[in-house]
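Take this structure first; my questions come after.
A, B, C, D and E are the chain letters, set down in written order, and residue numbers restart from 1 in every chain.
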Amino acid sequence: MATATKTQQAPILNTNEPDKEETKTIYSIEDFNLWYGNDQALYEVQMDIPENRVTAIIGPSGCGKSTFIKSLNRMVELVPSVKMSGKIQYKEKDIFDPKYKVEDLRTDVGMVFQNPNPFPKSIYENVVYGPKTHGIKKKSILNEIVEKSLRGAALWDEVKDRLNENAFGLSGGQQQRLCIARCLAIEPDVILMDEPTSALDPISTSKIEELVQTLKKDYSIAIVTHNMQQAARISDKTAFFLNGEVIEYNNTDNLFSNPDDRRTEDYITGRFG
Amino acid sequence: MATATKTQQAPILNTNEPDKEETKTIYSIEDFNLWYGNDQALYEVQMDIPENRVTAIIGPSGCGKSTFIKSLNRMVELVPSVKMSGKIQYKEKDIFDPKYKVEDLRTDVGMVFQNPNPFPKSIYENVVYGPKTHGIKKKSILNEIVEKSLRGAALWDEVKDRLNENAFGLSGGQQQRLCIARCLAIEPDVILMDEPTSALDPISTSKIEELVQTLKKDYSIAIVTHNMQQAARISDKTAFFLNGEVIEYNNTDNLFSNPDDRRTEDYITGRFG
Amino acid sequence: MSNMAVNVKAMMNEKKSKRSVLTITEKAAPIFFMACAVVSILTTIGIVLTLLIETLSFFSRVSFIDFVTGTTWWPFGENASYGILPLISGTLLITVVAMIVAIPIGLASAIYLSEFASEKVRKIVKPILEVLAGIPTIVYGFFALTFVTPLFQLFISGLPIFNALSPGIIVGVMIIPMIASLSEEAMSSVPNSMREGALATGSTRLEVALKIVVPAALSGIIASFVLGVSRAIGETMIVSVAAGSTPKLTADVTESIQTMTGYIVQVTLGDASYGSTTYYSIYAVGMTLFIFTLLMNLLSQYISRRFKEDY
Amino acid sequence: MNLIDKQFVQRKMNSRIIKSQVMRQLFFLATAFGIVVLAVLLYKIFSEGIPYLDWNFLSSFASRFPEEAGIKAAIAGSLWLMAVTAPISLILGVGTAIYLEEYARENKFTRFIRMNISNLAGVPSVVFGLLGLTVFVRLMEMGRSVIAGGLTMSLLILPIIVVAAQEAIRSIPKNQYEASYAMGATKWQTIRRVVLPAAIPGILTGGILALSRAIGETAPLLMIGALSFVAYLPENIWSSFTVLPIQIFNWTGRPQEEFHLVASAGIIVLLVALLLMNSIAVLIRNKFSKRY
Amino acid sequence: ACGNAEGSSSEEDSKNGEESKDSGSETTEVLVDGSSTVFPIMEGIAEEFQKANPDARVNIGVSGSGGGFEKFSAGETHLSNASRPIKDEEVQALEEAGIEYTEFEIALDGLSVVVNKENDWVDQLTVDELNKMWSADSNVETWADVREGWPEEKIEFYSPGADSGTFDYFSEVALGEEGQIRQDASLSEDDNVLVQGVTGSPNAISYFGYAYYAENKDDLKVVPIVNDSGEAVKPSQETIQSGDYNPFSRPLFVYVKHEAMQDESVYNFAKYALENAGKMAEAVGYVAKPDSAYDEALKKLDEVADK
């Protein structure tokens, strides 16, 4: 069913920073199906996610974007009724291999959620949560991690004087950047983001968008968004999902300027959704 | 502050069914301010809503669209901390006049909500809820009302054989049309709709959009939507809200093709929101 | 809408006159409901007055200072002595034993149910725990006396038939479900987004439970402990049946003791005649008990309010 | 640049996962503890009581002969007590809840009522017994009648019902109110036609659980003097009565060992009644939960 | 009147025991309260009475002797059971309330002093020894402190609750009017747990009503008590009735309110009670008085009731 386009068209229309060369693949998904109980939510997903690029996932509400991205770090299994088939390889390791501990996978693959979800602790404690859990105790290292991660999330200057205040005192946009910092603190290779700006105001949104652009130097990023403009602005590749299928997957500029599929075109021109 | 444009520009660019003549005004709002506790949510709103037309309210999340539309039938007062100033006239009666019972106002002004909210009763009971509340007991009349309202909401054919089944068994789109039927059952003059399609799939959405077009023959409709394409498709006039202010209010075609205000333009071109 | 067979609007308008009747119900309803709400206040006033009036009669015969500082409680016969401390110590002894049982087990159950168990297990276990909470205390009392104590006597030589240990433990068992379900509720109300946040950094389930969920739910958990304490203090039948009726100022759980509630029941079932000092003494003890539990309840409310997390 | 030693993290991971699994087992054992105690208790009671449990036992009055002793009067008494307690506590409880959730404005008085109710929920049952003894039995001269017992019990379980009803009402989605108000319904119409029907499952569940507390309570009834020999059925609310837990208490206090077994049979009856009430409550809850 | 009329006639205002003398055709609830010791006898009588008179309604409360008198003088009951004679202040209260009454002895009880089955050293005890053991200022800790040669094992004391007639009677006889019971005794309102306490520990001692001993003969060893004529006597039906078992045998009473005898139901019950008290007492483990005593009592009852 899935019309996943594995071979990419020539990226002629790229106005964003163009894909200079074919990059390495970090995630490779093959024939992936997922059910919630008896309802199938993903159908035969086929997709390669490139390293050090931003990959956007778009599609109307309920099409399976969140389900898909949560499959990548197996968070989707928190729903007890979930059943899956197919293959997801992360750095050429099968993520469902029982020998590959899910905790290890999640240590390598960070995630940022739709609504900022800081812990009800201080800013400092939020950032060091991951490293501490992983056994890093030394104060000096932790301090360094905090500064580095908060800088990485473009939040350091705003909060450096109140690291011990409760994270709930931050604004929504700051909280979201804190969650990004928390995720950076464990130095993942991949960052998954599920509509990270949908709960934010325009200014916070543009800050996060800038941040994503900076981060892609060091991280591979997959980002779900319902805002097509956003996908166009920040991503290198875009996948369009509809009713659990990948309708089209292509370089972002190609996809938006010259969609292959009628349904993609309908969606990006706002005919539905 | 408010740049409410009371005098309309010539509706030259109308491609939708054009405003053949200046219609009567059914709601006239003047200098309306609203606070939730100490937070002002609406600033000096100035607006005339025409009779037998569809008026769309658009704007980014949190700009006060729901607050505004709920002010029109005083539902906003269910939030205890609400304070208001200014004037809202419905058919030239001040809706805040203590002599004008709020129940009477709401009998004349129906409302449909973002998420379908049928009662956990049968389809039949849902439709007759209003008439029964208003004292109509006679079975034959009620039956007639049910058929007429369900037909009006384009739902009759789908449910006529299972009027006694629980309304929760209907699909989302059907539930929403049931809510419209329930609202039609008390024969209001105005129907307020707060993002009535945002929880629905594309097909249900287009059904409701068609329905709105049909209904405007008999009703005056004010509809909140976050979908600009929807506003463009179905409304005659559009008001753009931002941070509690009416930034621009104009014939829909004018507003979308030739916005007066920079911010309107930014918004409708997807630069934020 | 003119094209209609029935003119609903007109009919509704016609019925509007009937609204006046409605307005009466409309006005009467809140008054009736408020009256209902006032009953609970009257109940409290009733309790306080009842206790207060009879307690005052008691203090017209027994000095208040002796009551609160005395170390002997011997309310019968000629040289009666009304020092409440032994009853308080008995009550506290039971409470401490109960909480030593109930807090770890209750909290562990809560963590299991909220963080580890599948929905199915939770659906089965919670009602079972509720049954445990619903067993009449009289049943527990005889269970403590005729099963638990003889069982302990096998291990603890010289354990008298009445002791603080076995009723204490059984009171604890009775409280487990309360702590478990209140704590579980507190933990379940920690939004999933927090668990997700923690799991997404590679935490184990245990780490999520202990480092994120328990701290976030701490106020609810502590409030459940305090309510458990209050329940243990007020527990009556288990201790009347199995703890004995010898008021003693002791911290030894193997001894027979008496609690405040146990004393009240003893006197009501016994022979004290109306109007005697012994009779009034149950109100003084009841007042003390009331004050204790009141303080506990206020404390638990304060905790849940003061430390409430708004996620 | 890397501050985190991936190797180190991976090495630690195994022990962390094992720790998590071990603790999981411990937590499970803790949960099982309660269930085991319950099982032991039930086993003891059933093994003792079953031989005495027959139709005769259910249909006879108390007797001084263990073989003849029956529980009829106690069952009838408990039913009478419920018949008085249920309507009073439900009306008062639901009324209070409606007041608090729908009408009360957030002011000192309302906060006081709220605080008062949660305090009442924590007042020991003996203290309610003292209240019942002093106010209903003595002051209002009701004697140790069904009505005195029923009123005492009603007040005892009132807070539980209020809280349950409040929760049931609170769990009704705002959109149901909106739908009703938007149709021009008045507050009372909305309460009667939308709120109450939707809240009834929750109210019933809470109510049944509260009543099952009342049916097992011993202390307050001992205090108002219900411990007695009654070999007839109550005829009206002024009759004297006995109830299941009191009858059980009475039997366990007899010199003859057989009576203790009879008591176990009585406990079985009581537990079955409780189980029945609980299952009804669970049924209602499961049937109606997650409707919105 | 007493329930021969067909169909159970429905209620009348029987609350608080205010009897309605004029409602002769209806059954009055017969209200009895008082001693827990007397309770089993009265309960047996009520059971038989109701079998004989299906419409009868007899309610027997257990408020203790003192609690019973309190209700009696408040006019709440018709008959009051007691395991001790009425006290002066109770007499006064009844006088003040204007309630006339008559006392009937309906049976005898022998307070039985018991020890554990395994206790093979205690062969008998004197009242003095009991006094030495049980009093508050006692320095007895082990059996050896009671009598030389007995083992040096710490004694465990179990006693009925201080708020019971049994306790009163024992203290009065063994400890004297002013006497105080030792404070390390385990007290329980429930005599069964005393039985359990003694069966459960070899060094325990306790005392309670004869019925509890009679029911648990196999598990307990009863101690012969040296009586006023110097003999060590065990409690038994014969020794109690004959008075040989003293000083720990005591009469059990029922107090009858005169005014209540005007009511047929109450009178019939009282009469039935006196007729059957002896038989019932033996049946539930107490001791009957000689037959003549009951005949006399019945005569007295009829006088009081103007029959």
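Convention: contacts are C-beta pairs under 8 Å (C-beta built on N, C-alpha and C of every residue); 3 or more make two chains touch, one makes a residue touch a chain.
Because the structure is a prediction, the values reported are computed rather than measured.
With A-D and C-E as the two chain pairs, more C-beta contacts join C-E. The chain with its Cα centre farthest from the Cα centre of chain A is E. Chain B and chain C have centres, each the mean of its CA atoms, that are 51 Å apart.
With centres set at the average Cα position, the gap from chain A to chain E is 84 Å.
Annotation: 48 Å between the Cα-based centres of chain A and chain C. Touching of two or more other chains is recorded for residues 13, 16-17, 186, 189, 225, 227, 252, 260 of chain D.
In chain E, the positions touching at least two other chains are 62-63, 190.
Touching of two or more other chains is recorded for residues 104, 107, 134, 186 of chain B.
Taken in their complex, chain E has these residues touching chain C: 36, 62-67, 69-70, 74, 89-90, 156, 158, 161-165, 167-168, 171, 177-178, 180, 183-190, 193, 196-197, 200-201.
Here chain B touches chain D in the complex through residues 73, 75, 78, 80, 103-107, 110-111, 113, 115, 117-121, 129-130, 133-134, 168, 179, 182-183, 186, going by the rule given at the top.
Interface residues of chain C, counted against chain A in their complex, comprise 118-119, 191-204, 207, 211-212, 215-216, 309-311.
If you check the complex, the residues on chain D that touch chain C are 13, 16-17, 19-20, 23-24, 26-28, 30-31, 33-35, 37-38, 40-41, 44-45, 91-96, 98-100, 102-104, 112-113, 115-131, 133-135, 155, 158-159, 162, 186-189, 191, 209, 212-213, 216-219, 222-223, 225, 227, 245, 248-249, 252, 260, 263, 267, 270-271, 274-275, 278, 282.
Against chain B, in their complex, chain C makes its touches with residues 1, 4-6, 8-9, 11-12, 15-16, 18.
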